[in-house]
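Presented sequentially are two complexes of chain A, the first with chain B as partner and the second with chain C.
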Partner chain A sequence: MKAALIRYSPLAILAIAWQLIAQFELVSSTALPPLTQVATAWLDLLTSGELLTNAGLSLYRGGVGLLLSIVIGAPLGIAMAWWKPVDIALSPLVEAFYPMPKSALIPVTVIWLGFGDGSKILLVFLGCMLPVTIGAFNGARSSEQVLVWSARSMGASRLRMLWDVVLPSAMPDILNGIRTALALAFILMVTSELIVARGGLGNLIGYLGANGSYDAMYGAVLTVAFLGFAADRLYQMFMQRMLAWRQVGDA
Partner chain B sequence: MSSAALHTTPSIGRRALQACGWAAVHLSSIIALLVAWEVFARSGAVTMFMLPPFSAVAERIWADAVNGTLWINIGLTLYRTFVGFVLACIIGIGLGIAMARTALARWFFDPIISVGFPMPKVAFLPVIILWFGVFDLSKITMVTVEAVFPIVTATVLGLQGVSHELIWSARNMGAKDRELLWQVMLPAAFPQIMTGIQVALPIALIVAVFTEMAMGGFGVGGDMMHASRFADSRGVFAGIVEIAVVGYCVVKGLAILRRRLLLWHQEAVAPSTV
Partner chain C sequence: MPVTEHHQIVVEGVGHRYRPPTGREVLALENVSLAVRDREFLALLGPSGCGKSTLLYMIGGFLPLVTGRILIDGKPVNGPGPDRGVVFQNFALFPWKTVKTNVLYGLERTQLPKAEREARAQTFIDMVGLGGFEDSYPSQLSGGMKQRAAIARTLAFDPKILLMDEPFGALDAQTRGLMQAELLNIWRRTPKTVIFVTHDVQEAVFLAERVAVMSARPGRIKAVVDTAFDKTDPHVLKSKPFVDKVDELWGLVRDEAIKAQVSRAT
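On to the complex of A and B.
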């Protein structure tokens, strides 16, 4: 407990510095409203329900997109590692599209699916799929040959081996790929909502900023930042549990 | 990936032939995709607005290239990306060194980095606009803020992972602090730092394009947003093709640079992945 206090005290120092700078108006109060004012504005947003409905909408879009990217991306990566023809056909495409800045797809998804949820889900899906695919591909490809051979010598069929040997040994890489995708999902969700959207946290931030209610805008921005941070921490906990069987073996 | 190819050195002619063969295989998938796009767009299943044929998009890019707007837009996007990216490298590596060497810097920045890394920092865009306006300064700041985190973490992890034997033997031979840092620690940590830099570059491009879309001011992103407002879907798809090519070249270029810089390192011997 005490260790955690010492560890995170710099964040408290930053918060106090923020409050003092704003209090003594070292910078204009529109550019940096005092933290206390931001907190009250945030509470107003929360009690009016605006924050919750928009956050729900954003998380729904990001979550569905991310889930789709996992469901489609991971099997694709494993198939690329397992069947040579799939690899030859798809790896140039993966290589060509991986470095493409995904934010460039925002206007296209809007052209295809309009301003609503569909275009955001499609964008998150497209943006998150390749990190998952590449993680699965690397993981499945590097699964230990010894394991594969011994499974084969014991008479496991190809499909059975995929499920029992390749998938478990690819799991750490797949889970790491999903972690990258999770961070990307938040970035894409917020950017697309900031640029064109009905509803969602990004939209709320843009709206509050355009209206000049900067204290509430700061509140919404900090909410998004916190959600991204919390999602990552939760996912890390989940990952550790999923990989618990490995740690036992290693130790 | 045949392991025999690694050990025997085939004649230059055969190697060139092999490289050509691989390039052809790679290109054929891309060409197949482009042909599928063209055929699908002309089949009448979708409107010209939803998916203009590739030939029309290519024509548009060619026209932009001839009248020069293509080069201005790409140049602006690359300028914003690279200024922000280089700043992120300098700040990131500097901060990483400071954190790896002094306990005070580590104490102060460690929680900020570990909390800040997973945050979607693009959400701070309206705040940055509020502070720095809508011109290049705020775009570059946003790029730097997003790109700096992977570099700092990679630098800290890399420096901390330098093996003690290396440090002890250097010290034993009388290396001073500064020499130790520049001649032993940084080179040893360099592969990992480079990986962080390679993660940061695509992020820098994503953010540069996004800030251009959000604030305008030309660049590939600004141009796409402009086209989209006028329902000019040819312009939108032209932007996508342009930025995909630019992204590919930039990321590939960095990978080649890595191989050059790390020729002395073991990893240069190993076959590359992806």
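On to the complex of A and C.
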């Protein structure tokens, strides 16, 4: 607890600096309202229910998109690593699609699926899938031959061996890919909501900004930042549990 | 040695070529023939790179058989199977499974009920002296303990044949000596057919009833030497029959080791 306080003290210092700069009007108060004022506006957003409704909407879109990208992306990566024809068919697509900025697809997904949840989920899915696929591909390819042989000599079928050996071997890389995807999910979710959407935190930020409620807008921005941070921390804890077997113990 | 029907493992005229990612095709094995009796302990001895592990993996069914044939109990080998338990040099334990779940893995596909599988796993964990480490992950164990766990895992599902690929090669000298004695004890209690790959002459003579010496690449069986004599004497390593056999085998292996070195240097 104490270590955590020291670790995050720079954040407290930043908050104090923010408050002081705004209070002595070193910059215009529209550009940077005092933190206390932001906090009040944030509480209003919270009590009115606006914040929770929009956050729930955003997390639903991001969550479903991310989940789909894992469920589809990971098996795809493993299939590419284990069956040459799948690799030949898909790797040019992966190579071409990977560096493309997925935010460019925002208008496309809107044309396909409209202004609602569908287009956001599709965008997050498209943006998050490749980091997971590439992680699974690299992880599955690095699975040790001898472990595969070992499982086969103990009577595991080929399919069984994929599940028992290749998937766990690929797990560290898959989990790292998902961590990247998690950050991308937040970026794409907020961006797409900012541009065209009904509801969501991005939409709320855009709306408050357009109406000049800058203190509330900052409140919404800080909420997004906190959610992203909390999601990553929680995910890292989950990852550590999943990979507990990698830590060298005291035996 | 004539190949007859009652041999459990029969290798006839087996060759193996492979193409490394860069470079020319390599002839790893050429016209290898070998027959192993039921419950025999045979060592495959040769310089590193002679193809002895390749031969073991072919008997294991891991590598495709292009020339020659390999029979187990008269039936051709067609892929790996639980009749042949393999112990690998680098243990090949599943790092994400504990000692116990590693040992249970091979038992999962047997017909035994769950309670019996658990009991059997525990028996073999205790037998190799890993009681108390059931819930440890391989990363928490020393090299010797890992190899013990791997041996327990292979013995637990009771294969007729044990294929061992330099299983003690990665261990320090003391652990190695203990493990060799332990393996002999286990083999005497639960006799199995064993093919044991090693490049260590003393190890081969100490463990095996017969030693097949392989030549430098391309690997062939150069000679098969009978090494069956009483090894229960604690001073066997200094006894005359032991020292004589080691000398005889050294003579056979030395030339091959030199040839192997020369061919690597060129």
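Everything below uses one rule, namely that the second predicted complex is superposed on the first by the 243 of 251 C-alpha atoms of A that agree within 3 Å, B and C clash if a C-alpha of one lies under 4 Å from a C-alpha of the other, contacts with A are read in each partner's own complex, and residues count from 1 in each chain.
Quick note on the criterion: contacts are C-beta pairs under 8 Å (C-beta built on N, C-alpha and C of every residue); 3 or more make two chains touch, one makes a residue touch a chain.
Predicted model, so just to flag it, every value in this text is computed and none were measured.
In the superposed model, A:T30 makes contact with chain B only, not with chain C.
Residue contacts after overlaying the shared chain place A:A3 against neither chain B nor chain C. In the superposed pair of complexes, A:V165 makes contact with chain C only, with no contact to chain B. Residue contacts after overlaying the shared chain place A:Y214 against chain B, while chain C stays out of touching range.
When both complexes are overlaid on chain A, the residue A:S153 reaches chain C alone and has no touch with chain B. The wider contact with chain A, measured as residues touched, comes from B rather than the other of chain B and chain C. Touch criterion met: A:A183 reaches chain B, while chain C stays clear of it. No residue of chain A lies at the contact with chain B in one complex and also at the contact with chain C in the other. Those residues of chain B that touch chain A in the complex are listed here as 25-27, 29-30, 33, 49-50, 107-112, 115, 117-127, 129-131, 202, 205-210, 213-214, 220-221, 224-225, 227-228, 233, 236-237, 239-240, 243-244, 247-248, 250-252, 273-274.
Residues of chain A touching chain B in their complex: 6-8, 10-11, 13-14, 30-31, 88-93, 95-108, 110-112, 134, 137-138, 183, 186-187, 189-191, 194-195, 201-202, 205-206, 209, 214, 217-218, 221, 224-226, 228-229, 231-233. Those residues of chain A that touch chain C in the complex are listed here as 144, 146-147, 149-156, 164-165, 168, 171, 244-251. The touching residues of chain C, counted against chain A in their complex, run 57, 60-62, 79-82, 84-86, 88, 90, 92, 94-97, 105-106, 109, 133, 136-142, 145, 153, 157.
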